[in-house]
Structure formats: C-alpha cells, structure tokens
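In what follows, subunit A forms one complex with subunit B and a second complex with subunit C.
And then the complex of A and B:
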C-alpha cells in the first residue's frame, strides 16, 4: 500500500506535467520535446530561490511558475511561431533544437552538481499504517487543485472556450473571429507554468540534476499517449496509472526497471490501442459497430 | 591550434557521423520513417561487437572472445534483427506515434544495458576496446589508420546508399512516401518494403557501430542517450533530408563546428560553459536550418536531377491523405 501512495504522488506530478504537454499538442498540433526541459528549468530555478536566496518554498514555487510561464510565451514566439506554417514535423524538430539549447543553458547556468531543496518534507502523518509526509500531501493537493482550476478555466470562461474551439478546429475558430494569437499566448503560458510546477514538485521529492528533462520526456510522452492526448480525464488517469505502476512494480522487480516499465507500457499501448485508453473515436466506433 | 592529430580526430568523427546520417537518410529521407531510435540501434551493434570480442579478463558472463573480423559482421546482423523486432510492431503506427515508439525502444535498450550488468558491465562500461591493426601501428600514428578506416566505411556507405537510391527499390520507396495510395494501387507491397528498409538501415548502422567504438575506445550506456540520435538527425537536416550528399556535408559542418569550439581556451572556473557549448550549437543549428533553409544544403531535387520530385516534406506535409479519405 505504501508504494501505491508513492505512486499517487508520482502520478499527480506526472498528470500536471502531461496536461501542459497535451494542451500544446492539442492546440498547436505538435509534440513539444522541450516541455520536459521546462520541468528541469523549473526544478533548478526553484531550488536556487529556496536554497541560495532563502525564500519560502511556496513563494519560490509561485515565482518560478509565473516566471517560466512567461518565458514559455516568449520562447514560443521566438522559436515556434516563425516555422508554424511548415507543419508538425518541422515544429517537432525545432522543439528538439530548443530542448538541446535549454539543456545547454541549464548546464551553463547551474552546473552539473545535483542539488537539493533544504528540509521541506515536513512531518510524517500515519493514516491506517500508511505513512505520508506533509510535502507529499501538499503536492497531491496542489496538483489536483491546479488541474481543477484549469478544467474550470477551460469550461467556464470565454478564453477557455476559445482555447477549446482552437483545439477542435483551428481554421474554423480563426474564421469565426476567435482571437487566435491571445489563445496561443495563453496556452503557452499555462503549458510552461504546469511544466515548471511539475519540475519544482519533482525537485522537492528527490534531487535536482541536469538530466531531469531527458529522463522525463519519455515518461510524459507515455502518459500523454496513454491518456489519448484529447481528454483531461484521460491524461489524469494515465498519469496516476503510470505513477502507480512504476512505484508498485518496484515491489516485484528491481527498481532499476522503473523507467522500462513506463516505456514498456507506452509501447504496448501504442501497438494495442494507439488512440489511448479513453478515446472518443474508439467509443464512437464501438457504437457504430 | 595547428595540431594535425586533433584535426585527424575531428575528420574521423565527422566521417562516422556522416555514415550514420547516410544510413538514416535511407529510412527517414526516402522511406519517410521518422526514426528517433538511432541510439538504440547503435547501442545494439556496439554492445554485440564488444561482448563478442571481449577477453576473459573483463569477467563478463558471456565472452566468447571472437576475432573482430567475425564479430563485425555479426554485430551488423544482430542490429538488423533488433531493427526487425522494433520495426515489425512499430511500423504499424503512423508519423509521430512511430517516432515516439522508436524513441521509447531506444531508451528501453539503453536501460537494459544498464540493468544487465552481468553481460554488459552496466554503467561501469568497458575500457580499451580492441582495434584493428592496433599491434602494427602504435600511439599517434594510429589516428591516421583510424581515419582511413572511417573514410573507407563512409565510402562504402555512400556507394551502398547511392545504389539503393537510384534502384527501382529506392524509387518505389520514395513514391510510397509521397503518395502511398498510388503506390499501393500500382501493386507495390509498401509495408513489406518499409520493414525491409528499416532492417537494412539497422544493418548499416550496426556495421558502423564498431568504427564508432574504435574512435571512442571505451563503451558505457551513457554514450547511447537520445543526444546521439538528435546529433545524427541534426546532421541530416542541415545537409538536406533525402539527399545522400546532404548527410555527408551536414555531418562535416556540424562536427567541425562543434569540435572546433572545444579549442577555445576557457578559464577552469567557467568549465560549465564549455560543457554546454556542444548541445547548444547542435540545437541552434537545428533551429536555424529548419527556419531559414528547411530543405538543407542539398535538397532532394538536386540529388536526383531535374526529373526528381520536389521535396514534399515541408511544403505539402500530407499530400496523400485527403484523396484517400474523400474516396472512402
């Protein structure tokens, strides 16, 4: 059971990171490989604010999330907007280039030494024999709080509706006068902010090192594909499922296999059910057949 | 700065990357299969070669101690088999899903190398890999031997891939990439051709792997992180996807550029910046080429004369699909 709790914590972080990734995939129509480098950058900026400048973890987290959200908007305008008309593959390779550049920037700015958030775990609570630390509770709470906030934003504000219209048919949205540019900025802000938040959370749980981005991109891709890239619920479920599977599998097989489990699931899902676990298309087909 | 041995090394590395880029061009440029799993194939070939030639002193569970001339072709064959195992399920997927799957397979291979430490010595790695003619030539002069080996490998790769490119097989492959519906309607067995191509690229990459090892001299799983895949891709994108000369030229531009930066004298206090320069330059070149010259230095049109199709990748990403869907 203890491992299920660890899995839920890992899974909620993964869900936050993947939602940011899936939002861009849905509206800008490409896989943003640089997303995981935004997570790494978030982890580093957070640790520097807390460790070097002695800031409170929540203040540091908030500054990191907002700051990197804004950085995401700028990076998208500089790197992705000019090649947008060339289609998904060029955008994808541009994002690989951007990921390499961000990785280089992280190396140059923060060095290769692993860093740690100082003493943020808080006290250990015991609920029916299962231990959970304060920081893990806070992470789960914040993760689901922000996902719920995003859901609310997408469903009940004008801008949220505009985003969803661009996601379902961007040509039609443009023709109908949806402010596509504002929508694009908002999406990049949310996506990068979610990535940065997931990065800070990962850093709080473990250590912060320069390889975080490359380690996480495949896990995020796995969760995104498993979730089907289209539904928020699917992404949340996929994140939790992957997190729990990775942490529970540690009971049966050596922990070294943790990433292999995630990639194995990814490959299995792609081959057996390429539309994801909660695919609308599949359900439509099932009804039709 | 004027040390000739340094430039011999740079040239050797450029030729190795050029070989890999030309192999990648067969499957990705002509076959249209966007493979992000080069690192995994290279790892398969490299570890197969190293394990087969390992001496008993390394204390590995399986060390037949074969001659390198036997192990080399076996490494190529083994990589072909790995490519088949990856390609058979992955080729059922389209575009970005194929790309994710190959990336995931490459990462699985790398993790397996780490985990199966009995066979591969895991993260410890294997130093002092045997090199051909090592006993005849020693020290500094060996760098020239290595350059000759890499040049020969690149020349063979150039001839082989050019032969594929101008053959009916290569033409059909490009036709199927540009318009699958038409190729199918003409009775071409597109899926079978794709898997053949994927395996062939695997064999070519596996055959290049030992040359890479001769250059690197020591093997560890760290070498086969996704970074190497991205570097080969960048070389091909810079040179021009779909053209053989492109892979060759792109690798030279990229490697000379990134290695020359290593010559800059840096204060030890700023060593971080030196480490960061290579990924930064690779990334920057990739971004700039995609933005200002998406066809690369040599486009596919120049590779096959005026009669060739224009490169459909950038301007018209999915020519076949609307026709296919409206018909059904």
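And then the complex of A and C:
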C-alpha cells in the first residue's frame, strides 16, 4: 500500500505534465516535444528563485508558473505560428528543434551542475502504517486542485468553451467566429504553466538537472497516448495508472525497469483497448462527414 | 612562373619546419579532463586547484625539459560522452602531450583512443575494475581499484558487526563496480546476508520506493553506492521517511561536504565509508603539498576529496618526461613505472626528482597519497586505506586500516 501512495504522488505530477502536453496535442494537432524542456526550465527557475533569492517555495512556484506560461505564449508565436499552416509533421520537427534550443539555453544559463530545492518535506504523517510527507500531500493537492480548476475553466467560461470547440473542430470554430488567436494564446499559456508546475514538483521531490526534461518526455508521451489525448479525466487516470504501476512494480521487479513497466502498460492497452487513439480520429471523421 | 612555384614550395617547407620547431619548443601541454560539473562537480573545485598547484610546481622547478608547462582544462560533465568530446578537443585542437583528471566512466570511453593516439594517461580518480588487468601500457592508475573499495567496504561492515545489509546501487560503472565486489565478499567470504539489492537508474522522479524497499527489509545497515546527484535526493528521502536510526555504509562517490552536512544534520544518524586516504604520516611530499594547496584555495586539503591524486599525477608525468628526455607518448609512458617504482633514490618533490635525474641517478617518486609503486598493469601495489565517518557534519578519518589479506578479489 505504501508503494501505491508513492505511485499516486508520481502519477499526480505525471498528470499535471501530461495535461499540458495533451492540451496542445488536442488543439494544435501536434506532439510538442519541447513541452518537456518547459518542465526542465520550470524546475531550474524555481530552484534559482528559492535557493539564490531566498524566496518562499510557494511564491517561487507561482512566479515560475505564470512567467513560463507567458514565455510559452511568446515561443508559440515565434516558432509555431509561422509554420502552423504546414501541418503536424512540420510542427513536430519545429518542436524538436525548439526543445534542443531550450536545452542549450538551460545549459548556458544554469550550467550542468545539479541543483536541489532546500528540504521542504515537512513532517511525515502516518495513517494506518502508511507514511506520507507534507510536501507529498501538497503536491497531490496542488495537482488535483489545478486540474479541477482547469476543468472548471473549460466547462464554465466562454473562453473555456471556445477552447473545447477549437479542440473539437478548429475550422468550424473559426467559421463560427471563435477568437482563434486568443484561444491559441490561452492554450499555450495553460500548457506551459502546467509543464512548469510539473517541473517544480519534480525538483522538489528529487533533484534538478539538465536531463530532467529528456528523462520525462517519453513517460509523458506514454501517459498522453494512454489517456487518449482527448479528455482531462483520461489523462488523470493515465497518469495515476502509470505512476502506480511504476512504483508498485518496484515490489516485484528491479526499479531500473520502471520505464519498461510504463511502456509495457502502454503497449498492452493499445493492443487490448485502442480507443484511446482511435477515438480522436473517429470523432474528427464523424464531424468531417 | 617556375621560379614562383619553386619559391612557394620553399616557403612552404620553411613554414612546415618552423611549425615543427614550434611544437617541440612550445609549452608542454598537460590535459585536465575532469568532471567539473555533473556527479563529480562537487569535487571539481579542489581537483582543479590541486592540478594547478602541481603545474605551478613543475614551472617553478624549471619547467619540463626546459619548457613551460600549460594545464589545458576540459570539463567532461562527469559523463562518458563529455569525456569523448573533451578528449577530442584536447588532442585535436589543443595538442596535449599527456592526460590526467579523468574518472572511471570517461576513462573506459576513451581507453582505446588513448592507446591509438599514444597519449600517456594517469587515472587519478577512476576505480573501475576494468583497469584491474588492462592498464600499464599507456594508462596508469594511482588510486585504489573499486575492487579494493568493495573489499574495504565489506571489511568495514564486518568490523562494525553488521551481519545483514540492504543495498541501494545506482546503475553506472563507477557505482556498480565496488558494489558488486562488496556483495560478493560480504556474502561469500564473510557469510553475511543481503536483505535487498535495489538497483536504480539516475534521474528518477523520486527514490521513495527504492529507499523504502531497502530500509524496510530489516538490515543491520544499508550500503549505498550512488553518485552525488542521486545521493542527495536519496538521502532527503531517507530523512523524510524516518529511517535515520539505520546506519549507512557509503562508497567514496558520496564523500562530499553536502552529503556529510545532510547526515550530520540528523540526530543519531550514522554514515561510514571505507575509502582510500592520503599518506599523511611522516611524508615530506604531503608536508610540502599542504601549504601550497592551502595558499591556493584558502583551505587545507580534505580527506578523500581526490585533490592530492590530481596533484600527484602531474608530478609523475613531469618526472616521466624528464626521465624520458622527450614528450613522445610511448617514451613517457614507458618511463612512468621507472620513476614511480624502486630501485632509485626516493624523492618527494619534482625539483628533487629532476636534480637526481640530472645527476644520473634513478628515482623512486613517493607522492602525497602513497608510495605510488605500480604493478605490471599500472595499478597501485599498496594503497593507503582508511575508515571515514561523519563527525559534526563533516567527514573525519577515524583510523587508517590495511586491506585484510584473507579477503580475496572475487573471480
């Protein structure tokens, strides 16, 4: 049971990271590989604010999330908007190029030395023999609070509904007068902010190093595909499922094989229940027909 | 036209000749390929300072073969990839004559190339068991092998009275190498048991599951073989989960001030390392080195921070070049065992060594870390070992020990 708790913590971070990734995939129609570098950048900016400038972890996290959300909007306008009309493949390769540029910038700005958030774990709470630290509770709470807020925003506001209409059919949304540019900016802000938040959470639990983005992109991709890239609920469940599977698997197989477990689950789901991917196409085909 | 061509040809030949002369008469370039960042980054500051102290001593002693000595520094990021690209830069762009500073993973990555290019290389911080039988030709090691480190770790566990241990081992050459020796010696030669052997990759999101698996398996102690970047989050997890009453045995990779601070900051926590140490007792080389290092960096050398080995390697290279009378790679490599081993007048500084060589005597250099006598595969014959533990938030040598001769290297 203790490992299930570890898995919920891991899965919560994964859900936050994957949600930002899936949002862009759903609305901009490409896999944004640079998303993982936004996570890395978030981890570094956060640790610099805390460690160098002595900021409170929550204030540093908030500044990081908002600042990198804005940076995401700028990067999308500079790199993705000009090639958007050329389709998903060009956008995919543009995102790979942007990921490499961001990686180089991280190396140049922060160096290759690992950094660590000051220990902000707080006390350990024991519930029925299961231990959970304060910072883990905060991470779970923040993750689900943010996801719930996003759900509320998408379902209850005009801009949220506009995002959903673009996700469903952007051509139709444009014809019907949906402010596509505003929607795009909002999507990039939310996606980048969620990426940065996941980065800060990763840094708080572990260490901050330049490889943190590359280490996590495949797991994020796996969670996104597993969740079907179509619904917030699907992404949350996929993140939690992968997190729990990876941490519970430590009881049975060497932990070095955690990524193998993640992709084993992914392959199994794709073979046995491929709706996760196909449903997007089906919905679009249905709309197009 | 013919005259112009002949003139150009002559000019080219003269230029080539001048260029060749420049290579012989320019500074002797000693490469320092080291993890100034990454896992070995915490030691980088001391390592570089010690290398600079050595080069200053070489230059103060009249240089090598009458030429100035230049230290050419490349950061390998503590990765094999960084070692390969750094070595290419040092050889192809900088034109180094010899190399030092490299660690295990990087050494393995460039081992073949070092031999192809005939660059005499001293491994000052690599314990990999790969070098237990493959060196001695162009590559020499002046620090104990991970085989020695694994054996001394098991020896410490036995002497502390531990009969069962759990193992937390990062998957990398430098950490698995001593851990595998430790496990073999502890279980097969001492009759101990390993309650859990947890191997993990660096860069995991968290190490909660791994730490719980090891510490909750009911061991007398937990053996941790991990790099610094992994060690800090691992120990944060150890502290967070309240396993602080279970003693820990570390490998030398965790002998950093930050790690000592984390362990020292927890009441009742205990961490111990069986590791190589400096040769500080009645050793003129050590006595001469300490004030120069202190003047350079503002602090005295700290135990097992690898700095003194960085110093020793460049003194050896300088003396080998002086003994060989050339910077030619093959000749210098052949001279290294000659100046490090008996017979010869025992010398403790570069200047004394050169003076003896000029007087026509053979020399036996005794460094700051040991007598540096090498066997036929370029490994230390008698490393100095010690038991080091955390005391008031810093590493402290409890006692020097000798490797138990009854414990043998696992086959």
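Definition applied: the second predicted complex is superposed on the first by the 271 of 289 C-alpha atoms of A that agree within 3 Å, B and C clash if a C-alpha of one lies under 4 Å from a C-alpha of the other, contacts with A are read in each partner's own complex, and residues count from 1 in each chain.
Operating definition for what follows: a residue touches a chain if its C-beta (ideal position, glycine included) is under 8 Å from a C-beta of that chain, and two chains touch if they have at least 3 such contacts.
Predicted, not measured: the structure shown is a model, and the values here were computed from it.
Asker: Does subunit B (first) or subunit C (second) touch A:254, or do both, or does neither?
Answerer: Once the two structures are laid over each other on A, A:254 reaches both partners.
Asker: A:218 in the overlay: touching subunit B, subunit C, both, or neither? Say first, second, both or neither.
Answerer: First partner only, subunit B.
Asker: Quick check for you: in the superposed arrangement, does A:100 touch first (subunit B), second (subunit C), both or neither?
Answerer: First partner only.
Asker: Quick check for you: in the superposed arrangement, does A:144 touch first (subunit B), second (subunit C), both or neither?
Answerer: In the superposition, A:144 contacts neither subunit B nor subunit C.
Asker: Is A:6 in contact with subunit B, with subunit C, with both, or with neither (first, second, both, neither)?
Answerer: A:6 contacts subunit C only, not subunit B.
Asker: Have a look and say if subunit B or subunit C is in touch with more residues of subunit A.
Answerer: Partner with more touched residues of subunit A: B.
Asker: Which of the two partners, first being subunit B and second being subunit C, lies in contact with A:87: first, second, both, or neither?
Answerer: After superposition on chain A, A:87 lies in contact with subunit B alone.
Asker: Check whether A:271 is in contact with subunit B, with subunit C, with both or with neither, and answer first, second, both or neither.
Answerer: first
Asker: Let me test your reading of the model: by the given contact rule, A:31 touches which partner, first (subunit B), second (subunit C), both or neither?
Answerer: First partner only.
Asker: For A:111 in the superposed arrangement: first (subunit B), second (subunit C), both or neither?
Answerer: both
Asker: Counting contacts the way the document defines them, which residues of subunit A are shared by the two interfaces, the one with subunit B and the one with subunit C?
Answerer: 111-112, 254, 256, 259
Asker: Which of the residues in subunit C end up touching subunit A in this complex?
Answerer: 37-39, 41, 75, 77, 171, 198-201, 203-210, 212-213, 228-230, 232-233, 236, 239-242
Asker: For a test of understanding, state which residues of subunit A touch subunit B in their complex under the given definition.
Answerer: 31, 79, 82-83, 86-90, 92-94, 96-105, 107-112, 214, 218, 221-222, 225, 254, 256-257, 259-260, 263-264, 266-267, 270-271, 274
Asker: Contact residues on subunit B for subunit A in the complex?
Answerer: It is residues 34, 89-90, 92-93, 95-97, 99-101, 103-105, 107-108, 111-112, 114-115, 225-227, 230, 233-234, 237, 272-273, 275-280, 282-287, 290-291, 294, 313-314, 317 of subunit B that touch subunit A.
Asker: In their complex, what parts of subunit A are in touch with subunit C?
Answerer: Answer in residue numbers: 2-3, 6, 9-10, 13-14, 111-114, 116, 119, 121, 124, 131, 133, 135, 202, 205-207, 209, 211-212, 215-216, 247, 250-251, 254-256, 258-259.
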